[in-house]
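The following pair of complexes shares a single chain, chain A, combined with chain B in the former and chain C in the latter.
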Partner chain A sequence: MSSIHLATRAASRKRFRLTVVRQNSALITGIVLLFALVLLGAFGPLFLPSPNVTAPGQSLMAPDSEHLFGTDRYGRDVLARSVAAIRLDLMLAVGVAIMAMALGSILGAVAGYIGGWVDDVVMRITDALLAFPGFVLALMIVAFLGHEIIFVAIGVTIGSTPHFVRLARARALSERELDYIPASKLAGANRGRVIFGHILPNAISAPLIQTTVTAGWAILDIAGLSFLGIGIQPPTAEWGTMIAEGYSDILTGKWWPALFPGLLMLLAVLSFQLIGDGLSRRNSL
Partner chain B sequence: MARYLFQRIGSSAVTIAIMAILVFFASRVLPGDPALVRAGSNATPELIAQVRTQFGLDLPLHQQFLQYLYGLIQGDFGTSIRTGKSVTTELMHRLPATLELSLVGFLIASLIGISMGIIAATNPNRWPDTLVRALTAVGGSIPSFWLALLAIFFLVYNLGVFPSPIGRLPLGMSPPPRVTGFYTLDGLLAGEVSVTLAALGQLALPALILGVLGSISVTRITRASTIEALASGHARAARGFNLKSPSIFLQEGLRNALPTVITAMGLVAGYLIAGNIIIEKIFSWPGIGQYLATAISQSDLDVVQGFVIIVGIGYVTINLIVDLLYSVADPRIELGGSKS
Partner chain C sequence: MNNLLNVRDLRHTYVKGRIQTHAVRGVSFEVARGETIALVGESGCGKSSTARLIAGLETATSGSVSVAGHDIADIATDKRLRRLVQMVFQHSDQALDRSWNVERIVAEPLLRMDGLRLSAARTRTVAALNSVGLGDDFLSRRPRELSGGQSQRVAIARALISQPELVVLDEPTASLDQSVRTRVLDLLKRIQEERNVGYVFISHDLASVRRIADRVAVMYLGRIVEIGRTAEIFANPRHPYTQGLLRSEPPIDPAVKWEITPMKGETPSASAIPDGCAFRGRCPIADEACATVDPLLLPVGSTRQLACIHRSVDGPI
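Moving on to the complex of A and B:
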C-alpha cells in the first residue's frame, strides 16, 4: 500500500521535474549558449592569432587544421576574426538593449502616470516611430549622424526604444489605478518619487524580458547596417562587415569567409531569443 | 462606417505628418553637408555655395521647412541632390518593382506561416509541433543577408535551380511595355509569355527568402492563437456535443484565431515594404529599398524623406486594411468602438 503510494509520489515528482525542465529548456539552452559565447569571446583571443594581421601569401585558404575556419582574401584568420567580433557585437548589442530599455521604460512610465498632454506627445511620437521597422529608423539615424560605432549604437537604440515605451506605459496605466499610489501620495511622496519609486519598479518586468529579445534584434540590426556599408567599417572585425567582405568570394565558390561569422551570429541571436522566450513563459505561469 | 473611415484617415494623416516633420528636422539638424557630397571632394567654395543656392540649402531652416511642406502637399518630395532628378518620379518608377517582390513574398509568407501554424497547433507538444517551434526559433535568429548569400551559393551557383541575382530580368531581355509596372503582368498584357516566365524566375528566389523570413511571426501567432481557441470553452463544448474534429478545428479553432492571424499578416506586410532594403541590394533589385540604400550613403536627404513618407503611407494603409478585415473576421468588433 504505502509502497504504491510512494511509487506514485515519486512518479509525479519526476513528472513535475520533467515539466519544469521542459518549460525551461529554452531558457537553459539559451543561457548555456550565451555563456559559451561569452567565454569564447573573453578568452578565445588569447589562444588565437591577431584578427587584423594580413598574410598576402595565404589568402582564401580553405579550412584546415591550422586555420579551422580558413582565411579571408587578405589572408586573415576567419576564426580569429569571428571570435574577436563576439566582444564587439555582444557588448554593443547588450549595451543598446539596456539603453533602449532604460530610456523607453522611463518615458513610458512618465507618460502613463502623468497622462494628459505629456502622454499625448510621447505616444504620438512613439506611434510615428513604430510605423517603421527599427532597422529602417536606425539606418536613417546612422546615415544622418555618420558611420561610427557610437552613432550605430545611438541609431539602433532609438530604433528599439518605441516598443519599451508601449510596454511600460501599458503597465503604468494599470498600476496608477491601484490603491497604494494614492496611499504613497498621502504619505507625502512627490511625483518623481511615485514614478521612480513605485510605478517604474512595478512596470519593469515586461520591459526586462523584452530587453533580451531586443539584444538579439540589435545584433541583427548592427550587422545589417555594416553589411550595407553604413555602420561599422572594415577592417574592424565585425560579423556584418565580414559577411559583406565575403560576399564576392562566395560567388567564386569560397564560402568560408562569409559562412562562419554568420553562423556565430546566428547562435548569438538564438541564445538571446531562447532566453527571452523562456523568461516570458516563466513569467506567464 | 463612412464616419469611421474619415476618422481613421484623419488620424493616419496626423501620424504621417508627424513622421514627415521628425524626418525633416532630423535630417537638417544633424551634421553632414549634402552640398559637399554633390559638389565633390575637389570642389571650390564657390561651387559649394552654388549647389547650396540651387537646392535651397542656404535658406533659413523655417523657410526650408515651409518649402518642404508646400512641396509635400503637392506630392513633390523634392530633388535628388545626387542625380538632380525628381524624387517623386524616381520613387514612383521604382515602386512597382518593390511591390511585386513584396506581394509575392507576402503570399509565400502567409502560405507557409498559416499552414505551419496549423500543423503545429493540431499536434501540440508532439513532434510536428516541436519541429515547427525549433524552426521558428532558428529562423527568427537568421540574419537575412546571410541566408540570402547561402541561398545564392547553394541554389544558384552549385545547383543552378534559380537564375543569377541580377535584377528583374535576365541579361539581354528588355522589359515589357509599362502598364502596371509589374513585369509579370505587363508581359502577359503585351502577349510576351517568355518575359513573364523570365520575370517570375528572377522573382522566385528573393521572394522565397522574404517569404521564409516573414513566415516566422505568422507561424508563431497562428500556432498560439489556434491552440488558445481550441482550448476555449466553446471548443470543448463542441467536442462535448460529439462534433467531428475537423469541423471543430475549422469552426472553433481557425475561425476564432483569424483576427490575430490577420494582425500578424499585417505586421509582415509592413515589414516587407521597408524590410527588403537588404534583399533588394543583394539581388540588384531596382526597387525603392535599393534606391534608399544608395541615397543614404551619400546624404541624399530628399530621397530619404520621400522614402520615409511612401513607406509611412504604405504602413498606415495596411493598418487600416487590417482593422477593416477585423470587423469582417469577427462581427462582434464594432468599428470606431461606438457601442462600448
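Moving on to the complex of A and C:
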C-alpha cells in the first residue's frame, strides 16, 4: 500500500521534473538562439564585406565558399546583408516592444486604477485599435506618416500597444482591491505614488512576458511593411526589403537572395516566441 | 472636548444605480487617549464602514469625525496631520505590497509624510520593527517570506512608525491562529500602555474583545444598539441583540454544556431597512410599539447607553 503510494509520488515527482525541464528547454533554446543572433549581429559585420557594395559582374551567384549565401542581383553579398539586417531589425523590434510595453502598461495601470471616465476613454480607444489587426493599423499609420524608420517604429508601436493596455488594466483592477492600496494612502502616498509605486510594479509581470512575444511579432510587422514597400526602403539591408527584392528571382531558380534573410528572420521570431512561451509557463507554474 | 476621537451622527450611504445601501446610520461615540473601544456585530453591520470613515479612507455622507481636534477631511488631505490616524487591516498578507521589502513597507509613512529617504529612515524603521518584536534581519525580507503573525506585526510596525494618536484595528487578528492571536493582542496592549495611543478595535471575535477593549459598542444595521464598559456588557447584556450575540459565543470552559440558541431570522438588507426598530423582526421581546418607534441610543446609568424602548426603562442596571 505505502510502496504503491511512494511509487506514484516518485512518478509524479519525475513528471514534474520533466515538465520543468521541458518548459525550461523552450526558454533556454530561445535565449541561446537570441544570444547567437545578437553576437552575429554585433560582431559578424567585422568579418564580412560591406552590405551595400555592388559588383555588377557578380550578380545572382549561387552560394559558394566565397559568398556563403550567394549574391543578389546587384552582386551584393547576401550573408553580409542578412547579418547587417540583424542589428536594424532586432534593435527596432526590441525598441518597439519595450516602447509598447511601457506605454501600454502605464495607460492600463492608470485606467484600471483611476476608473471612471479615464478608464472609459482609454478603453474605448484601445478597443477601437484592437478592432484592426496590428499589422493593418501599422500599415495605415506608416502610409499616413511617411516611410521613415522612425514612423515605422511609431506605427508598429501603436499597433502593439493595445494588448499591453488590456493586460495591465486587468491586473490593476484586481490589485486596487487589495488592502495595501488604502494602507499606502494612509501612509500619505498620493495617486501618482500609488500607481507608479504600487499598482504598476505588481501589474507588470504579464506585460513583461508579453514584451518578448511582441518583439517577435514586431519583426514580422517591420519586415512585412518593408516587403510591401512602405516600410524601410532599399538599399538599406533589412530582411523584408531583401525578400521583396529577391522573391522574383525565385521563379528563375535563384532562391538564395530571398531564402536566407527569411531564414534569419524565422530564427529571430522563433527565439522571441520560445522565450515568451518559456517565461509564461514558468510564471503560471 | 478632551476626547481623542469624536464621532458625531456619522452616516454613510452607498448608492449603486437605484439601490441605496445604508451602511452607517447615525453613529456617535468617543474615545479617550489610551482607550480601546471595540465595535462588534455581525458581518454587514457597518463596523468596517465605520472604521474606514474614521480612518478617512472614505468620506461620510453626513456627520463628523474628529481626531485630536482636527476634522478627518483635513487629516486625510494634509501630510502633516495624516500621521494622527493609522490603520491595521484584516488581511495582513494583502495589506503589504508583495513587490516591496519589509524595510520600505515599514518606512513608507516616513518617506511620504516626512519626505525622508529610505537610508535616513533606517534607525526609526529598525526601532519600529524592534517594538513589535522583529529584528533588523527582517529589513530585506519580502512579504511572501513572512508568516501570518509576522506580517501582521510588520503591518503594526508600519502603522505605528508615524507616531499616530489613534489606530483603527480592522479585525487585526481574524486571519491568525489562536496562539498568534493572543500574542498580537498582548503586543497591541503593551504598545498602548507605552504610547497612550487610542484604539478603535473592529472584531467579531468576542474573546479578543474581552481581552483588549475598555469599552464595547454593539452595532446592528449601521447603528450602535448598546455601548458600555466591556465588563458590564459581558456580565450583563441588556439589549436583546447583545444578549443573542453573547449567547452565540461558545463557553470558555469545555465542561460547560453550550446551549446553542441561535437568533431567529436573518438580518434585513441594509438597502431595505424596516420602520421602527431595525431589530424587531428577530427580537424575542418585540411588540407593536417596536414597529412604530425607532429607538434612540439613551443613557442607562452613568457609563452605558442602550437603544431599546423596552429595556431602557424597566429594571435597574
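The definition used in the following text is that the second predicted complex is superposed on the first by the 266 of 285 C-alpha atoms of A that agree within 3 Å, B and C clash if a C-alpha of one lies under 4 Å from a C-alpha of the other, contacts with A are read in each partner's own complex, and residues count from 1 in each chain.
As a working rule, contacts are C-beta pairs under 8 Å (C-beta built on N, C-alpha and C of every residue); 3 or more make two chains touch, one makes a residue touch a chain.
Since we're looking at a predicted model, the values are computed, not measured.
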item	value
Chain B versus chain C as contact partner of A:Ala55, first or second or both or neither	neither
Touching partner for A:Asp127 - first (chain B), second (chain C), both, neither	first
First, second, both or neither for A:Ala189, with chain B first and chain C second	second
Touching partner for A:Leu274 - first (chain B), second (chain C), both, neither	first
Touched partner set for A:Leu39, first chain B, second chain C, both or neither	neither
Of chain C and chain B, partner touching more chain A residues	B
Partner chain in contact with A:Tyr180 - chain B first, chain C second, else both or neither	second
Chain B versus chain C as contact partner of A:Asn202, first or second or both or neither	second
Contact residues of chain A, present in both the chain B and the chain C interface	none
Interfacial residue positions of chain A with respect to chain B in the complex	26, 124-125, 127-129, 131-133, 135-136, 139-141, 143-146, 216, 220, 223-224, 227-230, 239-240, 243-244, 246-247, 250-251, 253, 255, 258-259, 262, 265-267, 269-270, 273-274, 277
Residues of chain A touching chain C in the complex	178-180, 182-190, 193, 198, 201-202
Sites on chain C touched by chain A in the complex	52, 55-57, 79, 82-83, 85-87, 89-91, 94-99, 108-109, 111-113, 155, 158-159, 162
Of chain B, residues touching chain A in the complex	14-15, 18-19, 22-23, 26-27, 30-32, 137-138, 140-146, 149-150, 152-153, 157, 270-271, 274-275, 277-278, 281-282, 292-293, 296-297, 299, 304, 308, 311-312, 315-316
